Amino acid sequence: MHKTNVAVVGVTGYTGMELVRILNSHPGFELGAVTSRSEAGKALHEIFPFMQGTRAGSVAITVPDPELVAGICSLVFLAVPHGAAMDIAAAILEQKTRVVDLSADFRLRDPGVYSRWYGIEHRQQKRLQQAVYGLPEIYREQIAGASLVANPGCYPSSVILALYPGLKQGFLKAQDIIVDSKSGTSGAGRVAKTGTLYCEVTDSFKAYSLGKHRHTPEIEQEVALAAGTDIRLTFSPHLVPMNRGILSTCYVNLRYSIKTEQIRDVYRDFYKDSPWVRIMPEGVLPETRWVRGTMYCDLGFVQDPRTDRLMIVSCIDNLCRGASGQAVANANLMADYELDLGLCTPPLMP
Amino acid sequence: MHKTNVAVVGVTGYTGMELVRILNSHPGFELGAVTSRSEAGKALHEIFPFMQGTRAGSVAITVPDPELVAGICSLVFLAVPHGAAMDIAAAILEQKTRVVDLSADFRLRDPGVYSRWYGIEHRQQKRLQQAVYGLPEIYREQIAGASLVANPGCYPSSVILALYPGLKQGFLKAQDIIVDSKSGTSGAGRVAKTGTLYCEVTDSFKAYSLGKHRHTPEIEQEVALAAGTDIRLTFSPHLVPMNRGILSTCYVNLRYSIKTEQIRDVYRDFYKDSPWVRIMPEGVLPETRWVRGTMYCDLGFVQDPRTDRLMIVSCIDNLCRGASGQAVANANLMADYELDLGLCTPPLMP
Amino acid sequence: MHKTNVAVVGVTGYTGMELVRILNSHPGFELGAVTSRSEAGKALHEIFPFMQGTRAGSVAITVPDPELVAGICSLVFLAVPHGAAMDIAAAILEQKTRVVDLSADFRLRDPGVYSRWYGIEHRQQKRLQQAVYGLPEIYREQIAGASLVANPGCYPSSVILALYPGLKQGFLKAQDIIVDSKSGTSGAGRVAKTGTLYCEVTDSFKAYSLGKHRHTPEIEQEVALAAGTDIRLTFSPHLVPMNRGILSTCYVNLRYSIKTEQIRDVYRDFYKDSPWVRIMPEGVLPETRWVRGTMYCDLGFVQDPRTDRLMIVSCIDNLCRGASGQAVANANLMADYELDLGLCTPPLMP
Amino acid sequence: MHKTNVAVVGVTGYTGMELVRILNSHPGFELGAVTSRSEAGKALHEIFPFMQGTRAGSVAITVPDPELVAGICSLVFLAVPHGAAMDIAAAILEQKTRVVDLSADFRLRDPGVYSRWYGIEHRQQKRLQQAVYGLPEIYREQIAGASLVANPGCYPSSVILALYPGLKQGFLKAQDIIVDSKSGTSGAGRVAKTGTLYCEVTDSFKAYSLGKHRHTPEIEQEVALAAGTDIRLTFSPHLVPMNRGILSTCYVNLRYSIKTEQIRDVYRDFYKDSPWVRIMPEGVLPETRWVRGTMYCDLGFVQDPRTDRLMIVSCIDNLCRGASGQAVANANLMADYELDLGLCTPPLMP
């Protein structure tokens, strides 16, 4: 197998950590560079003692110099905050090195929507036009040829995979969709904040950012493309006292009567080439632990005959499928590897 | 203060345990009898070592003999499974002793609805007609005079308090209500089952009983009374890896435009006599830990101008407000004590 | 009952929070002032939304001015970091107002030991000589008359109560004592740090500060007084993924053969006036949840006939018995209330 | 690579589950049979929905017939309770099929010790003499040639690896060793019991089986062989509210003065051929999450100059290194694969 040199820019957060975990066991990618402004000069295992003794553990952390990184590597994973990512991406692309950007900077096709939701102007609008939305089940061909992939957000990954086939096929109504999502705490990042201290999160549950979470326009953008019409939906995120995992409960109305098993058939067919989307059989509802540490997206379907409403329950691992694993899947396509290379381990249970 | 002798029938489960915890510090109630078929003959502190050294800890557990219990006590808390509760309640009432039943047996006014959802016939339909639904904010007067109080279910307590004033006042649409509820694991009871083992629940999240949870008709019954019209709603329970707490996210459409602060005013006014319903101010959403171990019901309100939908977030403690604390509140009214006697401690944080 | 005006200086941390929780329901103490440099100007319920609607919730937070506070209150709880506490205490004492200091500043009788372990000079050595170590089971008389009480550390509270009677009585060897302690995460404080983020603590377990934790000399000081001889022991703290609770497993050799039940008798007798020390019967070992939110210290005893060693297992709640509850108990003695006034609720289970 | 057909007898528990997880991704082993009396007739993914879509997920569960299983497979993993395992092992060995037994039945070389601690007679004493203790770092050669491997217990794996080199080398005293161990809850098994329900375990910590845990003689047997003298030690297990992981804090006295870095050198040298034993550098103490889902055993060393005592902290994953992963490592040696084949993924963090 040919080897591809890759870099991780911004390694200290949870998505950087997850990239290191996955790349360490990946047979195609070599970790050519990892960067962190604050930790430069150390070996990876010094900041991540759990990587001691592994292949990646001895890699030296460097300062994030786009040109240098682009010189060593043919593909760069950007795991830095939105706002910062766009210019680094542009600088790397300038050197003809390809980029998978895990931030939100290139996900929204309309720079006006970006500035409205993220509160800053988009400074790389030309690059934005080249970006491909990195959901492999939907944009597989485009990703393979892309130089810039906008890796989807965690919540959007869970929701778009749940709604896309039904909207595309036409039996789901585009109006009045409600998505009630619940995420593990790693989604809140690794920056020290009182609100995500252990004692503030454990043994409790809360909603947050109701009506204004930044993943809303990203979800709407993609499901609208499936439906062929504009979509306004309600998206409500909640915080779960657990490490990883997102469960989205989607409430959708049907445009016409259809048996639940037929719905499952449509979804099975739509995802027949995906190694990861699993349609739960009648009577089984997905649980986040079933996808822990994996690329799986588990979908469960229930119709409520009393209210004529369809509930689709979608589970992913927010760090793997919702961020770093999906980034590696995209990189697999870009490097002409099998889609699931290095990404086919079963979940860690319990 | 006059003292009232009370009994707890079925003390080994989590609601029995919570009754003991609350009654132990209650200035009006004396724990005259506690019963458990399997543990009879022991002192309470032998099965609950955490009660060693407390007033209640030395109470002897007896077999559940309704006549005997009714002979000693003037009020009995029934913490036994539905199906079993109805006949015990009838036997106790026969002795002119009053009953607060924590099971579902007397919550549904229509015995046909009961048999449809619970799969058994109602054998005490005459008693059912006497039963008062024990939500003190709504049925305070009737509870005070009742001989049989049907203590509300945990989910219904959180949902009815969230929806009642708005439906009563008329600005909430009765159609298309969706309630996405999340409960701590104590709601699943204390019976040994693989599905509620620590390693099956922790670090995971799941939905269950979608479209068919037995609390659905109970919620519908009460909110329909508020709205003055039949209501069919979607109710979706989920399991959270935490001990106590329910958070219900209610999605409701508005019948006419109304400012969120006005909505808060309506709720504040409706609950002005309740020591426990707290209306969160603008920008604050409730968290289950804020009500841990208490009777509080915290309500947060958000309008989504993009979809013209109102979200009401309701938090309660499922064991206290959702079961045993509410049972004691009802007993307070029945015994002519202050509503919040023995029920006004702040939450345990963290 | 006479009322005593008290103040909490430094209200934003977990011990401040716990003081507020306890004082809110206390029949003798009035919360005359709460202070926080960063949150001054707000009402308590604005930073602690769970206190909304409670008596204490509406108290206004002020800047920490010792003279002002001393002018209003006759007793002040200091919940500020060590190093900062000593001068504030001195300023308050200057105004003839009494102080319960929850920091480590007045716990070590020898200022040399203090400076060696805490790395700073003791600037209030005259006050240090007046300080009484606030473990009510041992220093009850002195506390009642003290103007300055040094509230014990959390680990020391659990360990001293476990070892004191046996060393005093003389059947425990003073040599080769090993204490392996495990603490919930609230013991690490409420300051934002990466190391105590939810995702860094949950589903994991670690040892820390082996051989150098600052509670070591505090433990040694008090158990040496019991033994009547200098003691050097090994103290090893560990971090548990839970909110509250300390369990200390103490390994001690016996000076002579003695039956375990006799040991229990000695401890029962020593603690006969304490409302909170509970001696577990044969076959029962304490669990931290059994003391959650309370002043209880549960002690379990096991002799290993194979190695002739005694194991004493001690459980307390680190925030209540190990900090704020004990502070209130000390204040009760100082204000001539019953020792357990406002401190006799059973644990919150589960 | 040659393929080896293996079976898992007793697949429904956590060790069976973990075997399936590991074997699913193993390049050398084919899952020829999985058995469960209660679940026979189903496909694996029907009882383990998280295995849907994986290679192993479609394997059919059969009843446990030793002859049948031995006919299909050349190596069998026994994941059934002690007492039941010994006869099944004998029946399989009779068919010339090799066995890795995860139960305790063949771990204790002396059948008298077995019957004393486990309360039953050993019925397969001839086979017991053939059994090799399956700790690859110590018995690598013997394991490779064995027909019956006794897979070590979880606690013993963590403790023996911590003590062996120092006792062998001679600087650790064989007397007065104290081992204070803490385990995640998966160690308690997957059988439904009230004591391991989520709400009984979470947010709490306890000791159990002090002075009488069955892993005690197993630890003593192996460390005595290292020391060349009989050893009686104190072993104290505790239960941690987490899924996986064991941390053992070992307190040992030194026979002579030796620098901590020299101790690390001895251990590094002793484990130089092990891919998994990691010696933590000065200032770093292991955490159970750093070994989650892996075969790593992380060792940290601290000397307390105040008490002249050495503390060795050892972390393993109880299900992987402490059971199923180690079983696969042993099978690797037996099948002439690389020791770490299929066992070299980094931990799942967070």
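Order of writing sets the chain letters: A, B, C and D. Residues in each chain are counted from 1.
Quick note on the criterion: contacts are C-beta pairs under 8 Å (C-beta built on N, C-alpha and C of every residue); 3 or more make two chains touch, one makes a residue touch a chain.
Note that the structure is predicted; figures quoted are calculated from it, not measured.
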{"item": "Between C-D and A-C, the pair with more C-beta contacts", "value": "C-D"}
{"item": "Centroid distance [mean C-alpha coordinates] between subunit D and subunit A, Å", "value": "36"}
{"item": "Separation of subunit A from subunit C, taking each centre as the mean of its C-alpha atoms, in whole Å", "value": "46"}
{"item": "Length of the line joining the C-alpha centres of subunit C and subunit D, rounded to whole Å", "value": "39"}
{"item": "Two or more partner chains touched - positions in subunit B", "value": "14, 186, 199-200, 202-203, 241-244, 286-287, 289, 292, 350"}
{"item": "Overall pattern in which the protein chains touch one another (line/ring/star/complete/other)", "value": "complete"}
{"item": "Subunit D-facing residues of subunit B, complex", "value": "14, 185-186, 190-194, 196-203, 241-243"}
{"item": "Of all residues in subunit C, those that touch subunit D in their complex", "value": "176, 178, 180, 182, 184, 199-200, 202-208, 210-211, 216, 232-234, 236, 238, 240-245, 247, 249, 251, 285-289, 292, 300, 302-307, 309, 311, 313, 350"}
{"item": "Of subunit C, residues touching subunit B in the complex", "value": "14, 17-18, 20-21, 24-25, 48-54, 56, 186, 202-203, 243-244, 275-276, 278, 280, 284, 286-287, 289-293, 296, 298, 344-350"}
